[in-house]
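First chain written, first letter: the chains are A, B, C and D, and each begins at residue 1.
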Amino acid sequence: MTQFAASVDDAVADIADGMLLAVPREVSGVPMEATRALIRRGVRRLHLVALPTSSLQADLLIGAGGVGTLETSAVSLGEFGAAPRFTQAVLNRSIVMKDATCPAIHAALQAAEKGVPFMPMRGLIGSDILATRPEWQVIANPYADNHDPIVLLPAIVPDVALLHAPLADRDGNVWIGRQRDLITLSHAARSTIVTVERVVDDNLLADPLRAPGVLPGFYVDSIAVAENGCWPLGLPDHYDTDAAHMKEYARLAASHDGFEAYLARYVLTPRAKAS
Amino acid sequence: MTQFAASVDDAVADIADGMLLAVPREVSGVPMEATRALIRRGVRRLHLVALPTSSLQADLLIGAGGVGTLETSAVSLGEFGAAPRFTQAVLNRSIVMKDATCPAIHAALQAAEKGVPFMPMRGLIGSDILATRPEWQVIANPYADNHDPIVLLPAIVPDVALLHAPLADRDGNVWIGRQRDLITLSHAARSTIVTVERVVDDNLLADPLRAPGVLPGFYVDSIAVAENGCWPLGLPDHYDTDAAHMKEYARLAASHDGFEAYLARYVLTPRAKAS
Amino acid sequence: MTAPNMIRDEELLASTIADLIGDVRHVAVGNASPIPATAALLARERGRQRGVARPYVSLLQSRKHNFFTDGGRELFDCAGQGRIDVFFLSGGQIDGQGNINLVAIGDYDAPKVRFPGSYGSAHLYYVVPKMILFRTEHSRRTLVEKVDFISAPGVSADGVHRTGGPIALITNRCFFRFDPARKRFRLESVHPGHTVEEVREHTGFDFDQPDTVAVTTPPSPETLALMRNTVAPQVAEVYPQFAAEIFNITAHPA
Amino acid sequence: MTAPNMIRDEELLASTIADLIGDVRHVAVGNASPIPATAALLARERGRQRGVARPYVSLLQSRKHNFFTDGGRELFDCAGQGRIDVFFLSGGQIDGQGNINLVAIGDYDAPKVRFPGSYGSAHLYYVVPKMILFRTEHSRRTLVEKVDFISAPGVSADGVHRTGGPIALITNRCFFRFDPARKRFRLESVHPGHTVEEVREHTGFDFDQPDTVAVTTPPSPETLALMRNTVAPQVAEVYPQFAAEIFNITAHPA
């Protein structure tokens, strides 16, 4: 049932303005080429959920005006500093920020994966995160002898999970290796779009060695090839983060004008990436 | 931290009478050699949880008098017929039977895996299974506008998860391939004992192709080599069920005396298995 | 060799079930279910003939026809997500309200007969839109007025989350549809060679019936050809003994 | 080349933290934490010297020193299972009750300063028995009377599930222990070259102190040798720049 898109731009065509878009954390296979395609198309008002954190991807989408609501437990460029467009957007109140904590986003997506309306989670009580999230309810644990409050988190059901992975096969199976968050995201989401480094001819599920690391094609609606598709972020076991580029981004994105120059040079002109 | 036991009998020495022992379903890597070792040792009063069903393993343990309580959603020999010792034990009321439904056992072990006291589950309401399980409580879903009852299942925390897998390495990492139930069982349990077909010298986690199918040694307390350790059941991608032997079991176990003869021939004498 | 014009009971049942499956996205079939598996693969071949890549068929007994990579829970999670449209269940007892019993006959605490257990029924029966009940032994022993133990109920009270449930019961004698509003079965058709009176005689529960009960439509020549030529070799990979007996075909290497 | 007798601040901090870690089963260290990572690896080497295979050290930044195969949730599940004994957190603000703020300064809805976010703190801080707070900027800007936003609280009300929490705060000036009963920090020692008065001056919260405040014990010659000879090369694999600067050592292929 998986469609193979002719281009990354085609693959992201179904991600409409206002959708709940879920993406993986900065080290798991971030679809940066697809993110640039979304920005080129001028996507708006996304409800972006990062499982559970984000770096360049969220910063770029926010800076380009594509995000209405951001739900995550942190955005940072890590060793390259704070995420300047994220920080500015929160200070300007130009996005709705839904602060979370990492395991809460995992649990809320697992609830969607299981088709249950909520999941319980330990912690959170006494945190101001809980105070800012009226939808997170506290109930009395019915299995405790004494009063034992516990937080319930409603399921997060993404419209689309957008992922990048090393390999796909002709049946739409995607090899994600150890990056199992990609499986949770896809199970939880109504549809899944994946960019991959390359497509192989043999069936990934038929190989006992590769099958354990496969997201089955059954969940995958659309695939496009995007070589080096995480650039300038890394893809585990395949390529590292482009540190020089990240430094350039951090420097340019520190100002509005610099960010616009970055967009013009690296995002708005397709395939104009540094080699 | 993983210990390598000199024998399967040594590996199961820490499984004490009365413990909550969790085992995988009939097709995922059932540690039959370890089960025979437990029976030889005369284990008693186990609270056996099968995720979520069992076949020969539960029948044999029950027939040998090792089980006090059985918690599972079905026991059957599949194409070889009903599980005769299980059936007889329920009719004789010689075991406490806790009937379940498959996803309830999955969810209860996932609760233990996450360290939460319960998990919600859809279904069950109106089923007599729920009526026989007073510990499964029904609450009103706090996220519904109208009355929406939903079942909560308390966590199942096994004392020991007993598993069989194809490979282990010297660091205690175990390659389980697609059999991810083994990971859930091990995460949920206080300790984990694994028998394996063989031990390899290279580190399984260091290999990007095998790492996705690895249960990390961090969770594994004890490993013993048991070649053909699922026999007469099969091990996926390695060997099939020994159908002739299963037919012989089904025939013998139909009567008490036949079952005793089976035990004497195939279980109580170590290594006396058919080749 | 089966005479080409003779239609086997199994072929009639598979064809009837394939019609019930219809045009859906995903049919999953549990273990030891060769007739439902044949029906699911037939539905898939019909999709291919129409140029659609559906239904997706998961045969849980087969490693090849089973995509799951997230443990045994994935089937149930998948159903909970609404990604399984059709599933099959049977029952040691099935009653007139669509309740199924996979546990025991007699008092639960002191049963006379014990079955293997409820498997995933107490979840799947609630969340799979087209649950098809299939029981080839049609007798007052199996089709009862009231089951002794409800593994999973045919209908639920108002307010209980229920996105699925039984739509039909197929036996060796007839085809019932289930009416959730009336909480009753309605006799849709009797299989060729069987009668309404016979069905009444061997059914322990009361059921609705139209003034004239049709005879179950036998598979068309096209369906028969598709089943015997294209589906049967696929069935043989998973159920070699069944395929040999019914379709006179032996498995060849996949 | 560092003079062998000169103890670097980083070495003092790592040694102090290693003592705090003690003999436990599992220490996990988050990203961008070279000093805690050094301390954890030092604790492991001490275990090896005693002939015990603990603590197990997970460096989340490193693929090699990180066993997780069940996605990002495994760290948190592992902590929820009670399998993580020691973890490290910092804070844009830390207050006298052990509350940490990783979110914002000023009003949450109209902040003056925004930090990246709370990460896993609102779970880990509750369930890891030995949470060690580590902040090298010891000032009234960072150590405040009351944080503007509680990412995770230092103590919880009676009845709230809490199997973990802060045990200490290590800064560039001193070592505080946290007393959960009194909900306050207690000055344990000041680092060599620093004074109690200086700590008071640069700390925004009130804290307890004994009559005589000790000087933080510098690493013994044995500890220094272990850190420089055995631990430093391991640190260099994950934090090459830090290892080069502090230990004058370059990473070699693992």
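Rule of thumb we're sticking to: contacts are C-beta pairs under 8 Å (C-beta built on N, C-alpha and C of every residue); 3 or more make two chains touch, one makes a residue touch a chain.
Model, not experiment: these values are computed from the prediction.
Novice: Give me the fewest steps it takes to get from chain B to chain D if each step has to go to a chain it touches.
Specialist: When the steps are counted carefully, the minimum from chain B to chain D is 1.
Novice: Which chain has its C-alpha centroid farthest away from the centroid of chain B?
Specialist: The most distant chain relative to chain B turns out to be D.
Novice: For the pairs A-C and B-C, output the one whose chains share more C-beta pairs in contact.
Specialist: More C-beta contacts join the chains of B-C.
Novice: With centres defined as the mean C-alpha position, give me the chain A-chain C separation in Å.
Specialist: Inter-chain centre distance comes to 40 Å.
Novice: Would you mind pulling out the distance in Å between where the CA atoms of chain A average out and where those of chain B do?
Specialist: 36
Novice: Quick one: chain C and chain D, Cα centre-to-centre, how many Å?
Specialist: 60
Novice: Could you give the separation in Å between the centres of chain B and chain C, each centre being the mean of its C-alpha atoms?
Specialist: The answer is 29 Å.
Novice: Taking each residue of chain C in turn, which ones touch at least two of the other chains?
Specialist: Within chain C, residues 68-70, 73, 76-77, 80, 127 contact more than one other chain.
Novice: Provide the list of chain B residues touching at least two other chains, using ranges where the numbers run on.
Specialist: 107, 114-116, 121-122, 148, 150, 178, 180, 183, 211-213, 236-237
Novice: What pairs of chains are touching here?
Specialist: Chain-chain contacts present: A-B, A-C, A-D, B-C, B-D.
Novice: Taking the touch rule as given, give the residues of chain A at its contact with chain B in the complex, in rising order.
Specialist: Per the stated touch rule, the residues are 107, 114-122, 135, 137, 139, 141-144, 148, 150, 152, 154, 176-178, 180, 208-213, 236-237.
Novice: Can you check the complex and tell me which residues of chain B touch chain C?
Specialist: 25, 28, 51-53, 72-76, 78-79, 82-83, 86-87, 90-91, 93, 99-104, 106-107, 110, 121-130, 132, 146-150, 178-181, 183-184, 236-237
Novice: Taking the complex as given, what residues does chain B use to touch chain D?
Specialist: 1, 112-116, 173, 183, 187-188, 205-206, 211-218
Novice: Which residues of chain D touch chain B in the complex?
Specialist: 25-26, 53-54, 56, 64, 67-70, 73-74, 76-83, 127
Novice: If we count contacts the way the header does, which residues on chain C are in touch with chain B in the complex?
Specialist: Its residues touching chain B are 31-32, 63, 68-73, 76-77, 80, 102-104, 108-112, 114, 116-127, 149-153, 156-157, 159-161.
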